[in-house]
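Dropping the structure in here first, questions after.
Note that the chains take the letters A, B, C, D, E and F in the order they are written out, and that residue 1 is the start of every chain.
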Amino acid sequence: MKLVVAIVRPERLNAVLEELYKADVQGLTITRVQGHGGEREQVETYRGMTVKMELSEKVRLDIGVSNHFVEPTVKAILKAAHTGSVGDGKIFVLPVEKVYRIRTGEQDEAAVTPVGVPAHG
Amino acid sequence: MNQGDIAWMLTATALVLLMTPALAFFYGGLVRGKNALNTMMMSFVALGFVGVLWALAGYSLALSPGGPFVGGLSHVLLRGVTLEASGAIPHLLFMAFQGTFAIITAALISGAIVERMRFSAYLVFISLWMLTVYAPVAHWVWAADGWLYNWGALDFAGGTVVHINAGVAAFVAALVLGPRKDYARQAFLPHNVPFTLLGAGLLWFGWFGFNGGSALGANTSAALAFVTTMLAPAATLVVWTLLDLVRNRKATAVGAATAIVVGLVAITPAAGHVSPISAILLGGIAAVPSYYALLFRVRTRLDDSLDVVAAHGLGGMVGALLTGVFSEKAWSGVADGLLFGNPGQLWIQTAAVLATIVYSAAVSFTLLKVIGAVMPLRALASEEALGLDVSQHGEEAYAEGDGAILVLPDRETPTAPAFASATAQGGRS
Amino acid sequence: MNQGDIAWMLTATALVLLMTPALAFFYGGLVRGKNALNTMMMSFVALGFVGVLWALAGYSLALSPGGPFVGGLSHVLLRGVTLEASGAIPHLLFMAFQGTFAIITAALISGAIVERMRFSAYLVFISLWMLTVYAPVAHWVWAADGWLYNWGALDFAGGTVVHINAGVAAFVAALVLGPRKDYARQAFLPHNVPFTLLGAGLLWFGWFGFNGGSALGANTSAALAFVTTMLAPAATLVVWTLLDLVRNRKATAVGAATAIVVGLVAITPAAGHVSPISAILLGGIAAVPSYYALLFRVRTRLDDSLDVVAAHGLGGMVGALLTGVFSEKAWSGVADGLLFGNPGQLWIQTAAVLATIVYSAAVSFTLLKVIGAVMPLRALASEEALGLDVSQHGEEAYAEGDGAILVLPDRETPTAPAFASATAQGGRS
Amino acid sequence: MNQGDIAWMLTATALVLLMTPALAFFYGGLVRGKNALNTMMMSFVALGFVGVLWALAGYSLALSPGGPFVGGLSHVLLRGVTLEASGAIPHLLFMAFQGTFAIITAALISGAIVERMRFSAYLVFISLWMLTVYAPVAHWVWAADGWLYNWGALDFAGGTVVHINAGVAAFVAALVLGPRKDYARQAFLPHNVPFTLLGAGLLWFGWFGFNGGSALGANTSAALAFVTTMLAPAATLVVWTLLDLVRNRKATAVGAATAIVVGLVAITPAAGHVSPISAILLGGIAAVPSYYALLFRVRTRLDDSLDVVAAHGLGGMVGALLTGVFSEKAWSGVADGLLFGNPGQLWIQTAAVLATIVYSAAVSFTLLKVIGAVMPLRALASEEALGLDVSQHGEEAYAEGDGAILVLPDRETPTAPAFASATAQGGRS
Amino acid sequence: MKLVVAIVRPERLNAVLEELYKADVQGLTITRVQGHGGEREQVETYRGMTVKMELSEKVRLDIGVSNHFVEPTVKAILKAAHTGSVGDGKIFVLPVEKVYRIRTGEQDEAAVTPVGVPAHG
Amino acid sequence: MKLVVAIVRPERLNAVLEELYKADVQGLTITRVQGHGGEREQVETYRGMTVKMELSEKVRLDIGVSNHFVEPTVKAILKAAHTGSVGDGKIFVLPVEKVYRIRTGEQDEAAVTPVGVPAHG
């Protein structure tokens, strides 16, 4: 089991969700985050005060998947989140030791297969 | 002059002026958070640019003696606009009251092109539009030598001049600018519906000055206009809520806010001409076309983003025509409508509506094309994605301040790495 | 009729109408974000339903000649409500001014049952309540043939008719509906205190029309009522702030907003009857019972969620009784109170209060039971957990729009997987 | 007395009272979210404390007959303040109208010391400041026996009394309290710019009562003051927007809100004294010094957090001096200014400005030092970091309620582990 | 050392906190997130526009615990967050290599034991 | 590759960002979170109701770094986030199996080196 953590542009979120759906990835959790990287900061002015905004809005996706699902998931994100200009974001793949589905207590494999969707592999 | 009339017209003018900030909230709540300030600013700047231009030239073009189609220049730079009486109130106050109408009419248009129009292009557009579209149409309808006025068209407080006029310009602007990026692909949700409700509440409040003040004194006509302005939107709100409940068992808040505005728009031309009961009917009837126009609009490619056409354009037309139906000389002392044996009035109303549509559409279109030839009308796609608050105004509506690095004016170093500049400051305190 | 009187009554009516949107914000800020729109809508719909019903029938039941307990039907459908003078102003304007009172009174009740009542049941309730409770009680107190009026009960602007009446109905409604899920287990915090402050500020502003307008003209009585309406809440705010500081060294903002409303409620029946200095005393005194009532209420099982009973019910009673204490013929030209040698007045006031309590409680209870027999009064527990904005209105107050999939009306496919429908659209643009 | 005059003054008084809640939003939007309530409360409490003190003593000190420098005690506790006419309106109403000025003037000062001053120290300060600084200066300028009044200083609605006075006190307070933690190291961003725009809109609305009402009747002078109050800020807004666009091609919303206030401040002393065209010029000119003062202030160590000095102090001075330039007897019937052949007026204006500056600075400084000797003026650094809403008021402006554990009053157990207390409650329901 | 990441319903949060407290788990961090899974989406309407809401409000808990604490922690969450209807959420257990307490620089075990609470095991 | 997850006080965020910059760490993602630990809860009152606030505002940083960068990163945070009073927060170091840069598809090392900054080591 792995946890795929992706940081993407907010305006690409819908596209990413579509692509993930096509890849049969349905369970996921998103968080609004702010990121800093190589992007040019934007400048803002409030009355006399000029500020540089170090952080830009991003969205973080956390997706728990079974091993053979990691690749399609990553592929889908790479495809849908890509714009080519600095700031597209990153994907991290983390090892997971155990997963539980709270509703049923099911574990691992079974736990990440959303209701009504046939388990894969 | 009588102090009572002056007292009411001072109040009414303040009320109408408040409508423009109110509109900023009505509109501002309906857009996404990243465009909130831009949307609100489109209303607020009208207070400045349209307000000043009105005093300098607009008032003269609209309401000084001239020809049937436009006023003269006798009042340019407020020449001859003194504290002498014009009707029951000081001429100067009359000028100001009329000015508040010009301001909000221009601001109304912005609803059609929010979230994508370049701010400076918008500034130029509404400034010229007030002078070339609003002022003449106001002259037609309200000046003693205006052709529609003399023809007997009824428009108590601006159904044609304000709402149809703005609605048509909005339609044209939405067409010329084209839809927002991802329009009809993604859902754009209102970021703050309470703001929209606040706007609706303040608009209603201000509208009592708009309609009640159009009697130009504290008289029974003002009382009639005032009460119809209270009853008609109430009826629209009832009908709209019921339509919502019937359609999908949920009465929406955005719908309620919209209903209030539609009712206010519809009663505007009729306010001082119809009986209170007719006002209730008129308000109730007016809910229907606008309600379905909203449902229809989203199926089209016309990104009239905040539905100025459905609310103001259509609402204004329904109101203007129903004025020709419900008008009652017994109440207004002016003219009867269809229901009271004067079908002719309905044709005059229709003609006035059509004339306004044609003129407003033609000139608004020309203006936008001309401006578009001089400067880009639309923000860049990247600016649209980032949001117009940051790209057009260099601000965020709701800033957290995380990772905001202060740039001291006297040591601005745009190239130097940001954190470093922060460090530098770290050094000095 | 005099333009000055008309001018002031036009203004006052607009001010009172604004109080209902103001109440929407006062209440809306105090609930959780997921119920913000529902709470605000409970005020806004009153503008529609109560407003229209008032014109159609309520006004006649309340203020047309009838018996001692209820008015007649002579003014149903506004028959005979013309621009002729009624007192110093057009009859029609008087009707509208009174209508704004009916609207806000009904809306006040909602504070007791927010975050759990089904919206349609609420709609039915306030509509019937205005006709069966508000209108009769208004007749008792304000109609020339009302029994309390003829008995000499003093209620300048509606302490009994509006505030005690609404407070009692709120108490009953909270009992009948029962507490919110997890009430007294979990803390429900106000999601937007600035909205509550905005509401308080606008309520105060509108209340000048409420009390000042109840003089029905721009006369010295209006001036007195206006100034006491400024001084009393100021005193309540001072005392409340000091009580807060003494109790736990923190002056709360919610407390300040509440204090302003309590002071306004308390001065309402007394506004035109007491001296300015008495108003300061009355306002200061009124802070105490409501302050401690709030502390006590949370220990009980009575989920009067926004404390309508403590603020309006209790505040109204204190005000009505103190009117019997502080009234001064020298200022009002009407009657003296206990302090000025007329203890009898206090008994009349007490009787009026008790009569209102009994009648309002009985009929409100009956209404709710009857409605409850026809349709469920409460939202489902699951809807309550999800929030009433989404479950009752199909909207969110502050939508982010993340993962919102647009469903095009002409291709609605509720069954099809959501992303797919999005893809479908992806195809077409 | 004439009903028309009373009608307008009732309205005007309500409008000015609304300015203080409006200010709460103008200021509240500009601070960080963790200090929003504290900032708003600083305005709201003025409605209570200053309002009551004004009635009890302030009015007498300011406007009862006394010496050239301060009024007497004849009206203390409102003795002799009746419904008899004072000018065209009831004396009592005049007192209330003046009171609303005292309230907002005190509240204006708070902008300089937000986000760090202890609330109770602030309460004491503004209460004493109104009595010792505002009341005397008001006497100088507006009382029949005030020295500046008799000397012929022109201040139509309070440029010196209100704005310079508050601006100077703000300057002193900012100096005495010192800058906020991390000032000039970190950027403090406005947490809700729409609130600031709302405040600006409502301030403009209320200012019509402020300036228009200062004619103390519904007369042509009121009409003139009203219209100049509409035109001047419009011109300021235009110039400010253009300066913004020229400087960095972005017209800021905070700038627009600021411009409106600056224009209103500048026209205040001139409102009833200058021609409408002069008002446009005056408003346009006034934009420039304040615009650059803001740019300059942030380079200094003076943490006048919300720029009261630049907006009100400087704007007030510019307005007061330009009143000496643009005044036109032909319009006001009072006096001519420099441009109309009376250079002397400019010197009188200058003297009035200087006198106000010196007195206000000296007494404000003394007051703060005295209070500072009795109690700490500043919140602790830790409280500042946590935010003043929680530390001073025990509230959050926008609470989520996550992990909020209800403490039942009757079983308060501050020592017991929090979750446990929750469990206890879990047990009982 | 492990990091227990749980996604739960907002309305169950207080119950979860109580349960965790009983299990002597005090240190934790929560984040407001939005999730997608098998739940029925809610439909909303704004003027003419109908939208399906893919994402529902959830709360994410991040709890760093020493190994022998994983089980009680997971048990506590499974118990308190459970409602039985679709949407109850998931628990992920991730391996952690190192933990530091910023205040003291303490590491691992010591770092996750809140002040005043006796270290366990 | 590791993922350094740090929970810090909001008021220390700017200092932490500065320190990280000095340590040549530029890519990072932050999230506003709420934490519970050993801190004294604050008490709030709304009308009659008194509540204890269990959770205090914190900021979470997620920083993906190559192994030899872990130490300087942790050091920088420990230094800048420290105040010494309870509530300073924690740092967790998690193993990462793979990292992708969405813009380029680059992996691991290369993926976490922001544009224009020379890769280290």
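Following the convention adopted for this analysis, contacts are C-beta pairs under 8 Å (C-beta built on N, C-alpha and C of every residue); 3 or more make two chains touch, one makes a residue touch a chain.
Just so you know, these numbers come straight off a predicted model, no measurement behind them.
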item	value
If a chain touches subunit A and subunit B alike, it appears here	C, D, E, F
Selected pair, greater C-beta contact count between C-E and A-C	C-E
Proportion of interface numbers common to subunit B and subunit D (over half same, under half different)	different
Where subunit D and subunit F are represented by their mean Cα positions, the distance between them in whole Å	43
Inter-centroid spacing, subunit E versus subunit D (mean Cα positions, whole Å)	48
Between subunit E and subunit F, centroid-to-centroid distance (C-alpha), Å	18
Where subunit C touches two or more other chains, by residue	2-5, 7-8, 11, 186-187, 189-190, 192, 198, 218, 248, 250, 252, 254, 295, 298-299, 394-396, 399-400, 402-406, 409, 418-419, 426
Contacts with 2+ other chains: residues of subunit A	14, 17, 30-32, 34, 36, 44-46, 48-49, 51, 54-55, 94-95
Chain contact graph, described as a line, ring, star, complete graph or other shape	complete
Touch list for subunit A against partner subunit F, complex	2, 5-8, 31-38, 54-55, 58, 60, 74, 77-78, 81-95
In the complex, subunit E residues that touch subunit F	3, 17, 26-31, 62, 64, 94-103, 105, 111-112, 114-117
In the complex with subunit D, residue positions of subunit C that touch it	2-5, 7-8, 11, 15, 32, 182, 184-194, 197-198, 200-202, 204-205, 208-209, 212, 217-220, 222-224, 226-227, 230-231, 233-238, 241, 245, 248, 250-254, 256-257, 259-260, 276-277, 280, 295, 298-299, 331
Subunit A contact footprint on subunit C (complex, rising order)	400, 402-403, 405, 417-420, 422-423, 426
Subunit F residues touching subunit B - in the complex, by the definition given at the top	10, 13-14, 17-18, 20-22, 30, 32, 59
